[in-house]
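Letters A, B, C, D, E and F mark the chains in the order given here, with residues in each chain numbered from 1 onward.
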Amino acid sequence: MKLPKLITTVYAHCDLMCGVYDPAQARIEAQSVYNAAKKYADSKDPVFKQRAVQIKEERAQLAKEHLWVLWTDYFKPEHVEKFPQLHDLFWRATKAAGEAKKSMEVTAAEDLIKLVDEIGGIFAQTKPGYDYDAVRKNAELQAA
Amino acid sequence: MKLPKLITTVYAHCDLMCGVYDPAQARIEAQSVYNAAKKYADSKDPVFKQRAVQIKEERAQLAKEHLWVLWTDYFKPEHVEKFPQLHDLFWRATKAAGEAKKSMEVTAAEDLIKLVDEIGGIFAQTKPGYDYDAVRKNAELQAA
Amino acid sequence: MKLPKLITTVYAHCDLMCGVYDPAQARIEAQSVYNAAKKYADSKDPVFKQRAVQIKEERAQLAKEHLWVLWTDYFKPEHVEKFPQLHDLFWRATKAAGEAKKSMEVTAAEDLIKLVDEIGGIFAQTKPGYDYDAVRKNAELQAA
Amino acid sequence: MKLPKLITTVYAHCDLMCGVYDPAQARIEAQSVYNAAKKYADSKDPVFKQRAVQIKEERAQLAKEHLWVLWTDYFKPEHVEKFPQLHDLFWRATKAAGEAKKSMEVTAAEDLIKLVDEIGGIFAQTKPGYDYDAVRKNAELQAA
Amino acid sequence: MKLPKLITTVYAHCDLMCGVYDPAQARIEAQSVYNAAKKYADSKDPVFKQRAVQIKEERAQLAKEHLWVLWTDYFKPEHVEKFPQLHDLFWRATKAAGEAKKSMEVTAAEDLIKLVDEIGGIFAQTKPGYDYDAVRKNAELQAA
Amino acid sequence: MKLPKLITTVYAHCDLMCGVYDPAQARIEAQSVYNAAKKYADSKDPVFKQRAVQIKEERAQLAKEHLWVLWTDYFKPEHVEKFPQLHDLFWRATKAAGEAKKSMEVTAAEDLIKLVDEIGGIFAQTKPGYDYDAVRKNAELQAA
């Protein structure tokens, strides 16, 4: 059968040349999305508000991309066995990033952050010694 | 409960502002990956071979990105219900794009094309009138 | 004489390493431009309208780039001999992409689509078996 | 008749919002292409040579893009009337940029520079006071 | 001692493979920033104004990036010795590019241009024969 | 006097709309540079080695860009007063990123990491509660 063999090969090759994966990258961008939504809500200057919409869009796109890379490149079949919710969780998290582009509600950014944190928690379970709490706290320090 | 509500909202918003989704974009890039692998194998010129590795890498990255966008932005909960293999299929397809970066084997590109075609077939089933066969034939015409 | 020699060399090298060229890429982006203009016109939500302007701008830029690549990289001197309008057609098509950035009129997007379709028709004549009608129909299925 | 009307509109709109166009951008990148080809030829270090191929590729792509923008966005119908060779000149120049990616010969970079200079000369004729000679001399100062 | 050694190495390697550096690139983008701010001020069309904000943002970003590259890649320890204001000048110039994103005032763009011109003057002193005055005049010709 | 006033304005505006700044972004990319250099040294597969050179180049570029953004956008005049070495430190760190592109030595990546860590330590001093040690440890966990 073809596909299981393919996955095995991917896994083997990845051991040779996987890069550095870190949910901090998505978490930092998600924080920027939140800050932009917050500042949008607090401002009355139309140019500032336009720029906040635009910057939020770019940051949500980056959060989405970092999440996609984690999903496809970092996680492996044995992780999916252990965390069967993984595919659906990433799907909802990347959809939440899309939603955070469309909506100016601060709650849309909060939904994104919550899902990234859920992914960060799973990531930490797969990598002994990784401190996701520090990542979250560092990001929260920078809240608008 | 939070998350089902989120998905519903995403779905509703997407009806207002979803773009144009077309698996032809991923299929065209997958063909480029195949052509680059083929030309790499057929050449003895070291600079040509270096450029083939590089161009294959870029094209596989684009195939991966087009697949991620389809997965997150086009497909909706009711599609996943009807095609329960969807998440795993996209995971294997984007991993195959990664594999096609790493490997110079033409078979790695063929694996990617097969998975993109499987996704294209499902896409066509969700969009009455969409002709994925023509997409595939147009791409194959351009095979190296 | 220098330049004819240059062109001959380009042609020869291109046979060794040309990628995959497909007017479907420009056609898909032109459809996105049309959809964004349509949705802009139909909406009263200022943030939605801002995002439609921005997304239309990005998609028109991609349409422009795909057209430039086709013009420079795919078409060769013998095509220009057979289709003497080619240079002017691409010039007008890429200018129409620029115009579709500036104007919020749906007709600007329609002008772009018409010119891309004209190019697609010529492309099909240079590549026996290529089905541009299917490309056009697949794109129209996704009209806003 | 449709198309002449389109062109007129483009022209009018461009007067309202055209950016800053300057052939110096393409000339600088063409110089980088030349320097990379020169340094490639002069080196025996394989990593250095690989990087020179890659950097040359990126710089030639930028030269190509700057040329495309000049062609589509700066030049207008009355310029084409006055300089009937314009379309063909830009086609050859952007093809020369492609050739300068493929070939490691210094002469390929020289061909590109010659064509960019020809375009720069025409540009200067359309913009009284523009000093293209200074652009050329500044670039030549930085030759490898 | 570690760091002086590092700098020496950088300097030596850079002699082998430095690219082409030219303050004209930053100056051209700074002129675009100015033109966009001017046109924003002169227009009453809300879509045009939105696009001017966005285009100004992108051009200021490019000016910033060209300045960073000059600072890190072109200038060397002996230049900093001769022009001790160099670090602070680049810091203020890149901050002025950021300011020119935020502010719609034409004076913000003028501040950026003045700092780029100051850098261009220093650059010319480090490169005998380089004509920065021509760069400035060419850019000014294209003022909105 | 002009410039001090400019800086004051920048500072004030930044309070309204600065994003999220985090040295973790540069640290993660610096770790990737290190891993790529390490894997390059350990491999005998020429395609793998080519890809390691290329990936190292891209990651070093991202490290450089994250550093530039921190320098220009996060740090303010009062920080420079308190940490007078700041400009020179960033200059050496971004030059070390350039050096880590050129050199295949693992020590070049180590030099970059050391300078990023020095910047991270200063950043932590300017932001009470920020845990740079956790950032460093998380990155080191992913060493090749």
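By our rule, contacts are C-beta pairs under 8 Å (C-beta built on N, C-alpha and C of every residue); 3 or more make two chains touch, one makes a residue touch a chain.
All values derive from a computational prediction rather than experimental measurement.
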{"item": "Required steps from chain D to chain F (each step between touching chains, minimum)", "value": "1"}
{"item": "Neighbouring chains common to chain B and chain E, by label", "value": "A, C, D, F"}
{"item": "Identity of the chain that, by mean CA position, is farthest from chain C", "value": "F"}
{"item": "Repeated interface matching D-F, over half of the contact pairs identical, chosen among D-E, C-E or A-B", "value": "C-E"}
{"item": "Of B-C and B-F, whichever chain pair has more C-beta contact pairs", "value": "B-C"}
{"item": "Chain A and chain D, separation of their C-alpha mean positions in angstrom", "value": "40"}
{"item": "Length of the line joining the C-alpha centres of chain C and chain D, rounded to whole Å", "value": "21"}
{"item": "Chain centre separation (chain A, chain E; CA means) in Å", "value": "34"}
{"item": "Where chain F touches two or more other chains at once, by residue number", "value": "17, 50-51, 54, 102"}
{"item": "Every chain pair meeting the contact rule", "value": "A-B, A-C, A-E, A-F, B-C, B-D, B-F, C-D, C-E, D-E, D-F, E-F"}
{"item": "Interface residues, chain A side, partner chain B - complex", "value": "2-3, 6-7, 9-10, 13-14, 16-17, 64, 68, 71-73, 80, 87-88, 91-92, 94-96, 98-99, 102-103, 111"}
{"item": "Residues of chain A touching chain E in the complex", "value": "47-48, 50-51, 54"}
{"item": "Partner chain B, residues of chain C touching it in the complex", "value": "16-17, 19-22, 24-25, 28, 31-32, 35-36, 39, 43, 48, 51-52, 55, 59, 127, 129-131, 134-135, 137-139, 141-142"}
{"item": "Residues of chain E defined as touching chain A within the complex", "value": "50, 53-54, 57, 101-102, 104"}
